[in-house]
Amino acid sequence: MYRLLNASVEEIANNNDSFEVTHLGEQTVDSPLGEVAYADEKERISLFSDVRKISSLIKAGVEPPAFVPAGPRQKLYHDPAWTRVGIVTCGGICPGLNDVIKALVNTLWCNYGVRTIFGIPYGFRGLNPKFGYEPIMLTPEIVDSIHETGGSILGSSRGQQPEDIMVRALERHNINVLITIGGDGTQRCAHDIVKEVNRRNLRISVVGVPKTIDNDLNFMERTFGYETAIYHAAPAIGCAHNEAKGARNGIGLVRLMGRDSGFIAASATLANSVVNFCLVPEVKFEMEGEHGLLAALERRLLAKGKHHAVVVVAEGAGQDLLEGEAGKDASGNQLHKDIGLYLKDRFTQYLAARNIDHTVKYFDPSYMIRSVPAQGTDAVFCLHLAQNAIHVAMAGMTDVVVGDWHNHFVAVPIPLAVRDRRKINPRDQLWQSVLMVTRQEEYFHPKAE
Amino acid sequence: MYRLLNASVEEIANNNDSFEVTHLGEQTVDSPLGEVAYADEKERISLFSDVRKISSLIKAGVEPPAFVPAGPRQKLYHDPAWTRVGIVTCGGICPGLNDVIKALVNTLWCNYGVRTIFGIPYGFRGLNPKFGYEPIMLTPEIVDSIHETGGSILGSSRGQQPEDIMVRALERHNINVLITIGGDGTQRCAHDIVKEVNRRNLRISVVGVPKTIDNDLNFMERTFGYETAIYHAAPAIGCAHNEAKGARNGIGLVRLMGRDSGFIAASATLANSVVNFCLVPEVKFEMEGEHGLLAALERRLLAKGKHHAVVVVAEGAGQDLLEGEAGKDASGNQLHKDIGLYLKDRFTQYLAARNIDHTVKYFDPSYMIRSVPAQGTDAVFCLHLAQNAIHVAMAGMTDVVVGDWHNHFVAVPIPLAVRDRRKINPRDQLWQSVLMVTRQEEYFHPKAE
Amino acid sequence: MYRLLNASVEEIANNNDSFEVTHLGEQTVDSPLGEVAYADEKERISLFSDVRKISSLIKAGVEPPAFVPAGPRQKLYHDPAWTRVGIVTCGGICPGLNDVIKALVNTLWCNYGVRTIFGIPYGFRGLNPKFGYEPIMLTPEIVDSIHETGGSILGSSRGQQPEDIMVRALERHNINVLITIGGDGTQRCAHDIVKEVNRRNLRISVVGVPKTIDNDLNFMERTFGYETAIYHAAPAIGCAHNEAKGARNGIGLVRLMGRDSGFIAASATLANSVVNFCLVPEVKFEMEGEHGLLAALERRLLAKGKHHAVVVVAEGAGQDLLEGEAGKDASGNQLHKDIGLYLKDRFTQYLAARNIDHTVKYFDPSYMIRSVPAQGTDAVFCLHLAQNAIHVAMAGMTDVVVGDWHNHFVAVPIPLAVRDRRKINPRDQLWQSVLMVTRQEEYFHPKAE
Amino acid sequence: MYRLLNASVEEIANNNDSFEVTHLGEQTVDSPLGEVAYADEKERISLFSDVRKISSLIKAGVEPPAFVPAGPRQKLYHDPAWTRVGIVTCGGICPGLNDVIKALVNTLWCNYGVRTIFGIPYGFRGLNPKFGYEPIMLTPEIVDSIHETGGSILGSSRGQQPEDIMVRALERHNINVLITIGGDGTQRCAHDIVKEVNRRNLRISVVGVPKTIDNDLNFMERTFGYETAIYHAAPAIGCAHNEAKGARNGIGLVRLMGRDSGFIAASATLANSVVNFCLVPEVKFEMEGEHGLLAALERRLLAKGKHHAVVVVAEGAGQDLLEGEAGKDASGNQLHKDIGLYLKDRFTQYLAARNIDHTVKYFDPSYMIRSVPAQGTDAVFCLHLAQNAIHVAMAGMTDVVVGDWHNHFVAVPIPLAVRDRRKINPRDQLWQSVLMVTRQEEYFHPKAE
């Protein structure tokens, strides 16, 4: 959507990262797909788009970093007639999970003719016999209208299970394709499964569909659910604006998703231009002092004709302001103190101490945003992503996630995909637009008069 | 929407309540409205609808209780050319406030030809000079598209101001019609203003537009914003369902408005039939023991094929479970402990103590429901209500609110309107339908097997 | 929603209409409903609400006209254990059909314990063996989520089938309760079925659920689907406004439902105050001449700063302008020439002849309005209506429809319900509000300057 | 969104197309933007993404085709203090027009400090004095909330005006930046303006913002409004499905936009998987015969358990079936006969001739789709596109449109942008997915049994 200039991409050429993917073995089975446009196995999707940069690498004898394309292959590794697939959804729910599940099942069943598709219940726990959960046998009939509902029909859970136990379960059920739908924690766990599979010398394709509503995975220009999330953040922000204007010095405070990256907060701010302050993890701010948020908020409230403010804060913003340690969740993600509630309290204290009559209305719409079904082009994206996960898996690739780079679907090795998180570059168009739309700098750093 | 059988209505005939309204004086000015259907001043809208009951009262020589109809009058008390109107919105925001304001202004300006309409800012504070708020002069141009936005363009505040100060402000601005848009606290304050007006022997019509999103005002079969609120509760409940199903023993807990009456919680439950437990102030429940909520919830979660639950709770439900006293807000409303957070904690403790792995997702969508604009027939209702408030005020009535009884707009004396709150009768259709839709009794009181 | 002053209601007291309902026989079976609030069999819901009018009738020895209340009875005629029910949906689709079907099935199954419920496919054709359609056996599981989708899971068709054939089918299947969901044509057909049932001396309750999205049934203050229809008319009107403003002298022309009554067009106009002309069947207008629509439209377009217009027309408006005869549909409804396309052509001709550059964008959203699912309080209304249809049927009433009068559910004899159509009274609040909101009279009859 | 493999892109390397853009002169003015990430003037965004292809061109001594990046420049050609800008919207309306206008104005005013911004009314006509339309002076206040409404606040019109007259108007108003928002006809006209500007030796930047809801412009992977259009096509398709199921052999027929390219029809089909037949311009189909649409439709209707069908047709599909010539519109676009109405008639004739009882409900939601406001990420895209149009114009580029290639904003010479239309490649992922979702081939070419 916007230009990526973050360091990790720029520095990659100096890096020894491998962009090539692991194959289980020779592709000897004819694809049943018929007259479709097969991927050219020799094509490589350039990481860089600047032709001068690519050119200088080539002239220096360096192979420019480039992704293996996804897409259907003319020859498969897995024979569809013998293929048994497991699908698992992990971590928090996200718009589009059921679209992805439906498209995985339909592509396997209708295009490849695979007839044994296990839905693994409640995340990786579904692969640990100690929980005793029954798998769901998935068919096109069962998934026919699941895309109309948010959440995941398979259920989900956080956290990893011991990889030897999980691989034993895959072995016992003769599963030779495992599709892991989840965030970076999930894909790290998928990588551990690959290692255990290799240790046991098995032939199981493990292919990830990256799920992060925050849109913060590296080497992914887009992740499913993000577009729908931005749409559904709008009502909360509009309501916060109405509440704020409904009282003298009313403050509408909206906490949005974004643990490490503020893409949702920033884009939602741009899509709803009533926001006065947008706070993200990538841009530090002070609370106290002349250029702190509290003074800026006070200036905004007392500005002529204003008397209200809308503040959008990503959940991972301002973590340095919250002392102490909040621990990790079951997936190993760093837990954060609640910056929303912290701001709510600080605003109230500060304004009360100055005898400024005010109200703060607090909005935490995250669960209402992530549990809706995917819509429109986001749903189409889910469909295409799932198709490519199956193409890649049937070709025998493993230890990869499918992604979208320069509008091409590509196969990204898991270690590469999970290495870093994508972040906003504050000098770039996205954040500069936020500054233009909010004009928040005029309150943080007012001009002397 | 549903039959009212609550005691207060039934007992009214034994009561000495007056249904007649106060007039400022003789109506001598011709209405400028032209060929419209004027109200018949002699008509009285029967409180009761049972013709046998009305008949027995008449035969016993008792005048059946009946409301004065609202609607336009052929003769007015206030001369439009000299009329100066003040409009004030008080208390929390509610869908339709701007529709009401717009229709008040348009009716005054376009139909009656009134040209001086003050918008009083931030509730009753706008009538207290110590706050120094400037009134807004309202015209059809200013209100042209305000109905597209939630909240109130006038702003609001809670609580009363000293009535002598407020009436002095009305006097100083030569306001002879005051329209008070607010809940029962607001209308009680309006009644105090009437008393002060009388003390000073002034001629000011004070007419209320009742505002309670909870739909809990007596002698009002409907209040504005309620219909829109029910529509906007649906997404929260749907999302809670998706979150609940997304985890093993997932619980989606939704707190809705309803301090003393559970109409919103009950109707929202009926309109979204995924709710498993609906808790309202009118129906007591236990937490502990064999027939308590905790055991019922556990039975639901462990029932074959279920493993999830959706709980809707009105904010005023189960207050007896919360010891201690929570005080009153600035409008004098009894503040409640937060039953939603209480339930969330108790669910977690109880299930954890039983080693039942679970998740609770908590939804508090109240601010997102009350701050949307009114839609469709609810917007039409706002329009008609505002028109009738003006008809009634221009005729010189005072100390009344406009209401809707048996699909007729009526003028209800304020003391009558604020005497009691309307409540759900548990034996009646609304609650019985909730029991049918949720089947919650099967979990509270399971049949022995 | 608004006051009804149409003649047919006022004249009823002079009439010999019977408001009493037909019973199949003595009610001897105990209701299984338990401790609910049973209807008082002696209660009668007054047609009139004016207590002075009721009083004068009583004093004159005339029984005031009054409806039998619906609601559950303590004693039933039909024994639930032996009851076999047929449900049929007829005519065009309407929001809420599936809500009604679902609530009928749930009330029968869960509350009364009835276990044999036939869904009759594709309207009355489903009762004619010559079409060979299979009935659907309905259970709570089958109807569990049908309310989330518009249309009717039973399908529908227009027109009547021979009543002897239909009654033979009911007899053959041992159906003793038939619920007919449909408009006045459908209920007239239901009445014919009752006559045939009587001729054969059978004991079958025939109970109608009135369906008219136009909200034009007499003695019904509200019909299901209407509220949802008003909500869904809004986007079309908003889009017409945007298209109109997008071109010099742009005209957005929206045709809405309303064959004989303009309730939808008028209410949609009030709910979306961008409409400049609202045309309904009840208010005649000319096309030509100084006070005709064409001249009025021209005045609007050429008014300073306007250059666009939004016109809403009910499908039955201006039928006198369309010569010739358009015939009747399969249900016997008078078919109308298309006033929308007629206006579109005439606008273009007229303005072109005057060299006024313009565009007309035509919107016909009827199918998009009627095929959505019912929402919010409209869905709750469907539920309550269906419950009452079952209560009334199980009590052994027949030849009735269930309706809503003064916010009470009542049983209305079919002959009474279908006698007239409800219409807008132009002098009343609804139409007067339309004139205020559109200000169309200023263009039809401009003041001399 | 999906991979592009259409010939025009592949053949470009053999072509002599220039990707370089025209500059008015040396950039000597310092940008006022401050510390933003300026575009690297030497960067070139590769047309191709396959690194092996780029590499082989380089090794063969051929410069790989590549776009000039958009984005802010450190040095400008136009001095903001003297810059006067004209903005014009042409052709049909499209979601996001007002977002683009708002962002153009805000970027000019707030970032660059430009104070003279003319809104040119009603398309290119606004530049022809014979129409006498007044320009609108645009400021941030005026555009503050225009993005909440669909359409264009400037109005629009179709067709070109004489370029000498238009350039004379630009000259007279001292406009040195002209932003043309419109489709390929509009941009061709902009190119003619450039030629006339050159002839007169003026210094005016003409920069286009490409507008095509059909998403069919070449070298543009995305155009604004498309995403929103796909969202808003969903309700029409859902309603068509409900209508279709509501009658025996019901057919819901939906005509969508897409004169030459079926992107909207195909994506809407994928996003709403209830479609049984999707017809686009790029894929020919027969009406008659064993493999014609009529026989396929009949097979679908008569298939066991189906009895309904949903058909989506792009407006430009099947044009070979409509004999005769339909002419061109005022913008020079080939007008098409109405394939939707043609199909409706042919379906009815064919099925009636076979005595198959059926109904066809026809939906034409185009005006309701294109007149909504842009939402969410589509609105963000409008913002970024407009910012880049201003960056490019202020740098002194001319005869270009801004586009999006591989997620970079680029400047595309107008002649290149308008040369061809982008089309669906039937062997590619998009169309193959349509075939998977609809399974229409099973009806067109059923397998022998």
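By letter and in written order, the chains are A, B, C and D; residue numbering begins at 1 in each of them.
Keep in mind that, in the parts below, a contact is a pair of C-beta atoms (placed from the backbone, for glycine too) under 8 Å apart; a residue touches a chain by one contact, two chains touch by 3 or more.
Here the structure is a predicted model, which is why all the values come from computation and not from measurement.
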item: Most widely separated chain from subunit B, with each centre as the mean of CA atoms; value: D
item: Rounded Å distance between subunit A and subunit D, as computed from the means of their C-alpha atoms; value: 28
item: Whole-Å gap between the CA centroids of subunit A and subunit B; value: 42
item: Averaged-CA centre spacing for the pair subunit C and subunit A, given as whole angstrom; value: 48
item: Where subunit D touches two or more other chains, by residue; value: none
item: Chain contact graph, described as a line, ring, star, complete graph or other shape; value: ring
item: Pairs of chains in contact (touch as defined earlier), listed by label; value: A-B, A-D, B-C, C-D
item: Subunit C to subunit D touching residues, read off their complex; value: 93, 121-122, 125, 131, 133, 149-153, 155-157, 235-236, 238-243, 245-248, 250, 361-365, 367-368, 371-372
item: For the subunit C and subunit B complex, residues of the former touching the latter; value: 1-5, 35-37, 40, 42-46, 49-55, 58-59, 64, 66, 71, 106-107, 110-111, 147, 221, 226-227, 230-231, 234, 267, 270-271, 273, 375-377, 379-381, 383-384, 387, 406-409, 425, 427-429, 432-433, 436-437, 439
